Structures are given as C-alpha cells and as structure tokens.
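Note that chain A is present in both complexes that follow, paired respectively with chain B and with chain C.
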Partner chain A sequence: MNDLAIELTGICKRYRYFSLDKISLQLPQGEIMGLIGANGAGKSTTIRILMGLIHQDAGEARVLGHPMPAEQVAAKRDIGFASEDMRLYDSMTLGWHMSFIQSIYPNWDDSYAQVLLKRFGLRADQKIKSLSHGQRVKSTLLLVLARKPKLLVLDEPTTGLDPVARHEILRELAHVMQDDGRSILFSSHNTQDVEQISDRITFIDRGRIIDSMDKEMYLDRWRRLRLEVPPGLHLPALPGVIDVRQQGRLAVATANAFVPDLANAYETRGARVQCIENMTLEEIFVANVEHSREEVEA
Partner chain B sequence: MTDSVIPQLIRKDLRLHRLQMAITIGAGILALVVMQRGGEVSLVLGSTWYFVAIIVLACMLPVSMVVNERKKQTLAFVMSLPVSSTQYTTAKLVSTLLMFLVPWLLLLVCALALTTTGNTIPQGAIPMVVIMALLPLIGFSVILAVAIVSESEGWAIAATVVCNSTYGIAWYLITKTPSLTVNWTRHVAIWDQTVLRLLFAEFGSVALMISLTFFLQSRKRDFI
Partner chain C sequence: MDEPLTLSQSDKRPMYLQIMEQIKQRIAVGDWKEGQPIPSIRQLAADTAVSVITVKRAYLELEREGIIVTQPGRGSHVSTSPGLGIRLREQELQQHLENAMRVAAQLGIRPKEIERRLREAGDRVAERESV
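On to the complex of A and B.
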C-alpha cells in the first residue's frame, strides 16, 4: 500500500444537469482534508465515487491502496463513512446498532464505544426514533468511530447541528487524530468547522477542484488590501492579485499570492495603502469561487 | 473478519421485519380454522382470507424491506459497510424471499394437511391448491424484482396493482381449464402432465425473475 489514503486522478462523471470534471486530489495518510464547496458543487458525488457507491465514467480512484469501485468491499473494511443524509433504523435501539456493527467489524472497541456514549450523552437502550437530530448524528459517529477505521469519510456531518453538538463532534474528531495513522476527509459548506480541524483544504465548485493546499498556506497567501486611489487613476490587477474592485477613490484588491512588495507596487502606481487585512477561510473560499467562475465564463 | 457480511445483513432484515411474518402466519392460521368449520360460506370466507393474507405479505414485504431502505435513507448506512452492490442484492433477495417463503410454505403445508386429513375439500383438489398457491409467489417475485431494480415506491405499487389484477384472471382461467378441473372431485391427487407443466412454468417464472434481478442490478453504475 502506498502512503496515500485517497488518490483521485482525472475523475469524470456526467449527469444530465451536472458533471464532475477531471477531479484529482490526494490525501496523505495521517492528514485531515476539508472539502469545501457550495450546495451542489460536487462534494457528495466525489465522496460517493471514492466510496464505490457511484461508478466514475473516467479516471481512477484509489482508497487505502484499493482501486474503487472494484475493491470496495476490502476498502470499506477500513473506512468509516457517515453522511448528512444517512439514517439509522428508527425502530431499533442504539445498542442494537452497536451489536450489529460489532458483528461485522472485529476491530470494534467496546470500551471506547462506552466512553463515547458518555461523552456524547447518549443511552444505548434508546430507540433511534426518540433521538433528536444532534443525537442521531452523534450515534452515527459513535458507530463509525468505535470500529477504529483507518480512514474517516464524513460528508457534511455537522449540518443542522447546534453549536454545542458541533463542538463536541469536532473535539472528538481532533481526539481521533491523535492516532497518527488515521486520515479524515471532511466535507462541508461550513468553513468554520473545516478550518478548526483540517490540515489541508480543497475547494470544489461546479464539479471542478478550484484550489487545494495546506490550510496555513491559504491563510498566509490570501490578503485584502484597502487602497485610496487619486481621481482618474485606474488600478491594474498586479501579479498575485485576482480581483480589484474600485469605487470612487476607494479600491479593494484581493491577493491570492500576497508578498509585502505588493503594497509597495500599488504605492508606486500612486495609490495609498490604507490597510492590509487577513482573510478568513470563508472569505478566501468565496473569493476563490468568484474568481474561478469569472475565469470559466471569460 | 468473515469474508462476507451477507449473513449479518440477512439476520438484520429478519430481525427488523419479523412482525410482518408473524402477523401473516397468525392471519393465515385463522383463515384455515374458519375453512375447517365446514359449509360453503366458511370455505369461501376462509380461502379468501387465506389468499388475502399471503397476497398482502407479497405486496408489503418488497416495499417495507427494499423501497423503504432508500426512502428512509438507511441504504447509505448499509452501503457504508463492507458490502458490494451484488452482495447487497443477494442479501436482500435471500432475506425477503425467506420472509415470504416461511409463512407461505407453512400455510401451504397446513392447508394441504387439512385437505388430506379433513373432509372439507377432496384430495383431488390438492394439485389445484398448489398451482393456485404458487401464483402469489410469482407475484411476489415480480414485485420484489421491480422494487430492487427500480428502488421506487411508484414502480413497486404499479407492479403490485398489475399482479393483484392478474391473480383473479389467472385463477378464473385455471378453474375453467377442463384438464385441471376433471380431477378436482377425486379422492386422490392426480399429478398429470398438465399439472406438472404448469408447476414447472410457475417455478421457472420465479427463477427467471430472480435471475433478471441479479442481471439488471449488476449493470447499475450508480447505487446511491
């Protein structure tokens, strides 16, 4: 097995109104990747392809060294998958689900499952239909985590959760990653959740990967420059700047490859730099998507 | 770890839907008791209830065990386990068939036992009873195949309507076939060529539907 938990190369999948276009991404073992995209961007389709649930039209998918979907049975023995649209059996208790999963996975750690029951405030004898949405999500995660998978694939697991439940789940995921061999692919449109736990972040939009790099690199390279511009001066987009919006005497330049010399370059062109702002991951995501769409439409 | 999780999936389905099986067996036995009371009214009433119990099970099982798996979004949970689409189909077919065959076979054996031991129905009617009792099994295999392949409640209901409409016509044609009814009143069951051909055709139809289900499932590219 190589040292990549996930390796997608040139994955294409066409539907009538949507298509995935040459998706390529790599997740090294032991890392957490956040997959961020708007609703309908292609996150779930990508995840279903790497789980072997949908067959790609073209391209190669390897998960934990197994080609997918051909070796999905072997791969899924070491994958813990939970998605926002996954439900457990309403008429059965959480304890029944735990026994069911335990009968399938020999790595099931019952003492860890008991710890998670307490930590998540769940009861094994409670029927799934009597649980709140947050408790159902936690139950699903308990079933996934206690089987000790090498790879966790979580498709929007925090959607619809209250802040406390989200915090509990993100804390548990961070705890899981203390085991160096584990990898997580975490998809969400909530950038705050992804930012908290991810090492690496991939942006996806309209079926294409538009950017993928280390989280710190995003935060280091992206800046917003607020500029004061003399009347009549039109500011160009300098190298490393993806967008300049000018309104009267004020302009905002968004840089995706910021270097301190960029401020000097604008000043030599007659602008005055009012301030240089760090950008949040959400702002970076939105700017990235807008830039990508403008490029495609141009 | 075992190579396949098919046994666990079958056990899971049996556990989840055992109540339906128990209710059918109870209703079927009640119908047989009514049939044994004697008289034409009891015979008609009991045999109607008997077939209704079997037919309702044939309609309900594919919807509750297959279509609802997608509708209630538990399919994603099952498919997250180490299982391929072919293994899932195998487990679903086996568990659903078992859930139908157990009450169907039990009630058929009870009906035949009552026929052979009681005086209500002549033993010459046994081949006819078996031929008629196999029709709901064919209907069940059609509805199950449609439910598994389409995963759609609409298509499963359409298949149910078609099958349920066909039972009446099929029973009418069988009772109007002279080569079958000629032995009806005899004191011994006659398993002649006509009966055996019909039974072969009925079992063949069930086998065809199961094979067709596997074939069409294996061609699916998107499972969820």
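On to the complex of A and C.
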C-alpha cells in the first residue's frame, strides 16, 4: 500500500553550471503541491526527473508507486503532464488533437472535454497556429485534464496568462481535487496562485529544497513583529527569528518559527510589541530565499 | 447548491479565518439553519477554488467552537445548539466593543467618556433609522 503520489529521495543531478542537491519531497495522494522557486532554481529539472525525461545521477524517484525512470511507460498512463515546451501541431485543429489523445488514452472523458471547451472559451475547429498564447496553454491543459489522470504534473501552468484565464485554470484544478484519489504537482513563481490552491508547499532555491510542508502550518509559522524599542537598546535576534531590522526606535522582526511566547520574550527585553502581522506567501518567499542564501554564504 | 464563498486578497487575515467568518455570517443571518447539512470539505474547497487543507482547518476550528459538527462518513452540519445564530451575532458585537476599547485605550480616552460617546452614537443611529 503506497498512498504517496510522488516520492523523491536524495535526488542529485549535476550539470556544468547548475546542480540539484539531494532533493527529497513527498506528495500524498489527494493533495495539491505547489513548487515555488525563482527562475533557474531547479523546478523544471526536478519535474523532468520525476517524469523520467531526465535521468538522475543519484537518488530515488517513485511516481504513483513506479520507480522512475525504469517504469516510466506504466506510470505515464496515469500521469497528465503539461509544460511550456510541449508542442501541438500548428496546422491541425484542437478537435484533431482531442480525437488523437482520445485514441491513445481509454480514460478520455469526452463530455468533460466538451465542458472544458466551453469553460475555457475554446473552439474545437480552430487551428493551433491561430491561437493566442493563453488559448494554447488552455488547449494543452484541456488535452491533459480530459484524460482524468490520477496525477497532474504541470510546469508553470499559469505563467503568461491574463487574470481571467488564470482564474479559470485555478478553478479547474480545484475542481479536480473533489476526487480524493487524484493529486496535482504544479510549479509556479506566482505565489498567490500557490497560496490559494495548494495543500503543500515546496520551496526550491539554487538546486536545494529550503522547505517542504503543509501550507497551513507553514503560513502559521511566519510572522512579522513591529516593535517599539527604548532609546539605546539594540534588539537581539531571538530563537525563531531570522531577521531584525532596527531604525532608531522602531524595529521589525521576521520570525519563521513563531510562537506567542516570542512577543513576551521581546517585551521582557524592554521592547513594546505594536502589532504582529501575518505574512503572504510572497513575502515569505522573498524573506526565505534571502535568509537561506545568507546561511549558505556564511 | 450554495453560492461559493468569496475570499478577499486584500484582507490581511489568513484564508481559513475568512472562511470561518463567512460561514458564521451565513449562520448568523439564518441562511444556514441549525442542524442543516453543509457542503463537504472537498466540495466547498472546489467551489471556492481554495485548497482542501485550508477548508479543513476552518471546519476544525468551527467544530472546536461548537458551531458545526462533523461526523465521519456523514459529513458536516450546523450545530443544533439553540440560539446559535443569536450567539454568533452577540459574539460579533462583543468583538466590535473590544476593538473600540482597544483604540480608545491607545488614544487615552477614559471609560466614562466612552459611555457618553456610545450613547451619542446610539442617538445618531436611532435618528437615521427614524428618517
């Protein structure tokens, strides 16, 4: 019994100017994981390894229980993969692509495909070359979604889309999750999308995983404390605090392991806590990347 | 089907708190009645386009507060505790009052003065309603 949709353990891949360093992550079945990282952080390489498109130098990848890349043919029957560089045939229509995919995958749900056509505002008789960027992205997703795969792996599904198209896609992904037997891994540098629909968040930077955990727990650990400091007092960084910026009598402390006692600890050191703020995933992303780079360089 | 919840991106509170508040409002105004079945976690997450884990957390907290009840395999429903809607509105009032007192304390306004201003506010509301 294996209820992990994806399990990566100690994945390494070395290139001349970039390497993935012991990537480990787990995606339980029935959940959505958002993979966040700056450009060039290693998101796409990680995705290509778990799809069996690139072979890792070391480490184990299991997808839907199949070791990758060894059993990639069997695994791919149940995986829907979409990425920027996937090519559709320019001179063919979307409808041609739909019947082509339908002839390969027995799970193709044509009534769902028709619903998606409408929801995405696409036309089956339109040739691929006449589609806009957004329509192309939506067409690719339609072809993947209508197969009803157990696992969706989407590399930057919302990049370059207008807000309406982005929301159509997020809503569709949220709908997929009504079925607790299905799972999604998607990468993005749009933190807002990830914050909205992910159950789990994985941060990757410079080929290393910084954090990988439950989204609610993760957001809960980060806080910004605004403090008023008596003249002459210099605030220390207490445990759980990764950054303190002080200017005159005002200070801002950023905590990545916040507990209510932290506020008390600052008060007993003479500071007054003005307020404790939640942080958005975007703010966390930036603070986290800066912090982890400082640690690596130190 | 229920209308999905509408979450705000400019609201600084976490999404699970917004979900809790909107469910409480539905109960407070009587749209969701005592004992009534409510959408499953996965259903509400899909309709609102948020993650399952966020709705799960909101439901857990609502359950802890005795506002909804979840039975394994049978889904969730609004608690049958009598006067729940009224209790929620009372809680809302309580919160407004506490917020007001907090601001007053920061401004150094004394409780006596607050009482006077509260009466005045009451008069203004009564005046407006009578128009």
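The working rule: the second predicted complex is superposed on the first by the 297 of 298 C-alpha atoms of A that agree within 3 Å, B and C clash if a C-alpha of one lies under 4 Å from a C-alpha of the other, contacts with A are read in each partner's own complex, and residues count from 1 in each chain.
Here, a residue touches a chain if its C-beta (ideal position, glycine included) is under 8 Å from a C-beta of that chain, and two chains touch if they have at least 3 such contacts.
Just so we're clear, the structure is a prediction, and the values are computed from it rather than from any experiment.
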Simultaneous placement of chain C and chain B on chain A, clash or fit: fit
Residue contacts on chain A - larger count, chain B or chain C: B
First (chain B), second (chain C), both or neither touched by A:Arg182: neither
First, second, both or neither for A:Phe100, with chain B first and chain C second: first
Which of chain B and chain C A:Asp199 touches, first, second, both or neither: second
First, second, both or neither for A:Arg171, with chain B first and chain C second: second
Which of chain B and chain C A:Asn278 touches, first, second, both or neither: second
Partner chain in contact with A:Leu219 - chain B first, chain C second, else both or neither: second
First (chain B), second (chain C), both or neither touched by A:Lys150: neither
Partner chain(s) touched by A:Arg62 [first = chain B, second = chain C, both, neither]: neither
Which superposed partner A:Glu31 touches (first chain B, second chain C, both, neither): second
Chain A as apex of chain B and chain C, Cα-centre angle in degrees (nearest 10): 150
Minimum distance between Cα atoms of chain B and chain C in the superposition (Å): 26
Residue numbers on chain B that touch chain A, as the complex places them: 1, 5, 8, 12, 16, 72-74, 76-77, 79-84, 87, 221-224
Chain C residues within the chain A interface of the complex: 9, 12-16, 42-43, 45-46, 48-54, 57
Residue numbers on chain A that touch chain C, as the complex places them: 30-32, 167, 170-171, 174-175, 177-178, 180, 192, 195-200, 214-216, 219-220, 277-278
Chain B-touching residues of chain A, taken from the complex the two chains share: 48, 51-55, 69, 72-74, 76-77, 79-83, 85-92, 100, 103-106, 140, 144
